[in-house]
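Two complexes, one shared chain (subunit A), two partners (subunit B, subunit C).
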Partner chain A sequence: MSKRRSDWESRPQARFRKWYKEGFLALDNEIIDHLTRTTELPENIEDRLIAQQEEMTSRQHERTLALERLDQYNMLAWARTRGRKAISRLYVILALALGAMMIFFLLETVALMPRFGDPATPGANIVSERYITKGLEETGATNIVAGMILDYRAFDTLGESTVLFIAASAVLILLRIDRNKDGSPVQELIAAESDDRHYEPRNDRILQGSAMILTPIIFLYGIYIILNGHLSPGGGFSGGAIISAGLILYLDAFGFDKAGRFFTYKTFTWVSFFSLSFYALAKAYSFYCGANNLPSGIPLGTPGAILSGGLIMPLNIAVGMVVACTMYIFYALFRKGGL
Partner chain B sequence: MWQLLYENLEQTVAVILFGIGFSILLLQRNLIRKIIGLNIMDTAVYLFLASMGYISGRKAPIVVDGVTQTTAYINPIPAGLVLTGIVVSVSFTGIMLALTIRLYRRYHTLDIDVIAMLARGEDA
Partner chain C sequence: MLDWLRFILTTGFLISGLIILLTSVIGLYKFDYVLNRMHAAAMGDTLGILFCLIGLTISAPDIWVALKLLLIIAFLWFASPVSSHLIARLEVTINPHWQQLPPKENAGEEEAP
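For the complex of A and B:
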C-alpha cells in the first residue's frame, strides 16, 4: 500500500498537482525529506563515501532547483507586470481601431443615405401615407402616432408593456429583501434600513414643503397627458413616467411609511394585473372583430373631443398605470430593496 | 463625401455617438460606465430614427383642422419605433443595474476583470 502510494506521489502528474496547489516549497521539502529518510547512517568507509556523494548530489540538485525557481519567478513577474501591460495596451489599440472602423463604415453608409428632410425618402412610403390619410377616419384619434401605436400596431404596444412588467419582476427577484418566515427582519434588511436612514433625506422641511405643493400638480399634469394622448402629443408611456416622478418625489419627501399607506406590493400586483389583462382582452376583442369583418360596436366619437378615438383612451390609461407602477417600484427597489 | 455628411448632419452625429458608445463598452472596465455606454448607443439610434422620419417644411403628425394630406405631415412611423426603443432600453437598463448591485454586494468591486478573477477563484 505504502509502496503504491509513494509511486503515485513520485509521478509527474502528482508532482505537478502538488506544485500547482502549494508552490515550489512543498516539492523541495518533499525531496529533502525523501533524501534524508533514505540516507542511513554509514557503518563503514564505503558507506560514508557514498553518503558524502549523495549529500553533494542533493546539494547540487537543490541549487539547480533554486535556479529554476528564479527563472520561473522572473517569467511570472514579467507576465504580471510588463506582459500584462503590453496585452492591455494592445487591447486598447485594437478596441479603438474597431470603434474607428465602425464609425468610418457607418459614415460611408450615411453619405449614401437620402438627404435629411428629403420628401422622396423611401421611409415615407405607402404605409405612412395610409396612416396619415386614413388614420383620423379609421381610429378617431387626432394624434396619428397614438392612433398608430394603440390601434394599427397595438399588439406591439402590448409587448412593450409586458417587457416593462417583466423587467420590473426581474428587478424584484434580484433586489427584494424578504423577511424571515416568522416576520423578524433579516440582517440585510436592517443594514438597508440604516443605510437609508443615513444617506437619504429625512424630514427635510424644504423638500416636504415643495413636495406638498408640487406632487398634486405633477399628478394632474400626468393625468392630463394620459387622457389627452389621442388629441395631442403624449400618451400612456410619457404620462405614466410623469406620474411616477410625482410618486417618487412624495416618497423622497415623506419616507416609506407614509408612501406605504397607498402603495404596497399588493397595489403594484393588482394594478399591473388588471391593466395588462384589460389591455389584452380589449385588443383581443377588436382583433377578433377586425379579422372577421364584424362591427366592433365601439363608437369612434367626433374627432377632437375628449371621448373619442374608441379604445385608444382606455388603453392609454392602462399603459400609463403599468408604467407609473413599474417606475416607482424600480426606484423603491434600488433605494432600499423593498417598499 | 464631406459635403454629403454635412447635409446629413443629424445622422452623422448619430453614427459618431454610436461609435463612441461602442468604444466605451469595449474600453471601460467599470460596469456602470459600460451601462452608460450602452445607453449612449441607444440614444444614437433614437436620434437616427427621428432624423429619418423628418421631412422639411412639414409638421408633427397631429391632425389640425381636418387636413389629412400626406404633404402636410412628417412620417409618423419612426416616432412609434423610438417609443418602443425607449421602453426596452429602460427595461434592460433596470435589469442590468440590478445585476450590478448584486455583483457589488458579493464582490465589493465594479471592475469586471476583478469580478471575473474572483469568480474563477471561487470555482477552483
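For the complex of A and C:
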C-alpha cells in the first residue's frame, strides 16, 4: 500500500499539485494561529477581572483597549490571511491564463501568416520584384539590403542617422555637467568623478590585459563589417555598434583619462558633423542627378569587388562613424556625465 | 560512413553542450548567492558554448566557416572568464562578509512573509 502511495506521489501530476499547494501551506498555518489567538485573549482578561476587583477600573480600561486592538486586528484579518491567500491563488491563475493566451495568440498569428516565399502576399508586389531583379544592376551592391537602405531608400537612412545624432545631442544637453567659466570643476563634477567606480575594480590587470588583446580585434572586425557592407550582411549600423563596443571596453579597462586622449567632445562634434553633412551632400547630389536624368558620374564598379556599389561604401562609413560616436557618448554620459 | 560519423559527433557535442547550458540555467535560478550564481553562469558561457560550437564546427560545410567558429570560441573564452572575474572581484570588494555563509532569510521570506 505504501509503495503504491509513493508511486502515486512521484507522478508528475501529483508533484505539480504538491508544488501548487505548498505555497499556501504557510498561509494555512497563519490562519490557524490567528484563530487560536482570538479565542484566548479576552478570556484571560476576564479571569483577571474577577480575581482583582479593586483594580477594576484600570483593568476595564485595559480590556477596552485590548478589545479595540482585537477589533482592529479582526478588521484586517481577512486581508491578512484569507485575502492574501485568494490573491496569491488569483496571481497563479492569472499568470497561467496570460501565458496560455499569449501562446494561443502567437500560434494563431503564425498559422495565419502566409507561406514563406508565397507570391500572393501583399509584400511581394512590383517594388520588391524590382529590388530583386534590378537591384544588382542599378546599385552595384551584392548585398541587396545595403542596396535598398543606402540607395533606393537613402533618405530614410539619413533620417535615422539624424535621429541618432539628435538623441545624442539631447542626452548631452540633459546629462552633461559643465565646468565653471574659469575652467575649474564645479562641485557636481567633483562628486560625479569621486562617485564613478567608487566600488568597482579600478585598474584590473586581467581586464586590462584582455582589453589590450581584444580591443584591436573588435575594431578590426567592426571596420571589416562596415567596409564589406555592400558585399555581405552588415553595414554601417552593425559595424558602428561593434566599434563602439570596443571603445566602451577600452574605457572600462583604462578609465576616462586614457580614453579622453583620443575621444573628446571635439572628436564627437567634428566626426558627427562631417559624417552627416557628407551623407546629406552626397545623397543630395545623387538624388538631384537621378531626378533630372543626368549622369551622376559615380562608377558602380564590378559587382563583388570591394570598390563597387557607387556611394554605398562611403555612406556606410559615415553611418558607422555616427553610430559608434553616439553609442560611446551615451555610455560616457550616463556613467559620469561627461567625457 | 564519414557522413554518419560526422552526424553522430555533431549531435553528441551539441546535446552535451545543451545539457551543460541547461544545468547552468538551473543553477543560475536555484542558487542564492552571487558567487555561486556567477559560477553557474560562467560554466554555461564557457564549456556549454564550447561544446555547441565544436559540434557546429564539425558540421561546418566549409573550412572557412569552421575557422570562423574557432575564432568565436577563442573570443568567448577570452571575454567570458574576464567578465566572471570582474563580477567576483566586485562582490569581494563591496561585501565584507563574503567569506561567511549567506543568511537564510531569503529562503524564509518566500515561504512565509
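We adopt the following convention: the second predicted complex is superposed on the first by the 216 of 339 C-alpha atoms of A that agree within 3 Å, B and C clash if a C-alpha of one lies under 4 Å from a C-alpha of the other, contacts with A are read in each partner's own complex, and residues count from 1 in each chain.
Following the convention adopted for this analysis, contacts are C-beta pairs under 8 Å (C-beta built on N, C-alpha and C of every residue); 3 or more make two chains touch, one makes a residue touch a chain.
Note that the structure is predicted; figures quoted are calculated from it, not measured.
Of the two partner chains placed by superposition, only subunit C is touched by A:Ala26; subunit B is not. When the two structures are aligned on the shared chain, A:Thr121 is found in touch with subunit B, with no touch to subunit C.
Using the contact criterion defined above for the overlaid structures, shared-chain residue A:Asp204 touches subunit C, although it does not reach subunit B. In the superposition on chain A, A:Phe237 makes contact with subunit B only, while subunit C stays out of contact range.
Looking at the shared chain after the overlay, A:Leu107 reaches subunit B, while subunit C stays out of its contact range.
When subunit B and subunit C are set side by side, the one touching more residues of subunit A is B.
In the superposition on the C-alpha atoms of chain A, no part of subunit A is touched by subunit B in one complex and by subunit C in the other. In the complex of the two chains, the subunit A residues touching subunit B come out as 92, 95-96, 98-100, 102-103, 106-113, 115-119, 121, 123-124, 127-129, 131-137, 142-145, 148-149, 153, 156, 160, 163-164, 166-168, 170-171, 174-175, 231-233, 237, 303, 330, 333-334. On the side of subunit C, the complex with subunit A involves touching residues 75, 78-79, 82, 85-86, 89-90, 93-94, 111-112.
Within the complex formed with subunit C, the residues of subunit A that make contact are 25-27, 29-30, 199-201, 204, 206-207, 210, 213-214, 217. Residues of subunit B touching subunit A in their complex: 1, 4-5, 7-12, 15-16, 18-20, 22-23, 26-27, 51-58, 60-63, 66, 68-73, 75-80, 83-84, 86-88, 90-92, 94-95, 97-99, 101-102.
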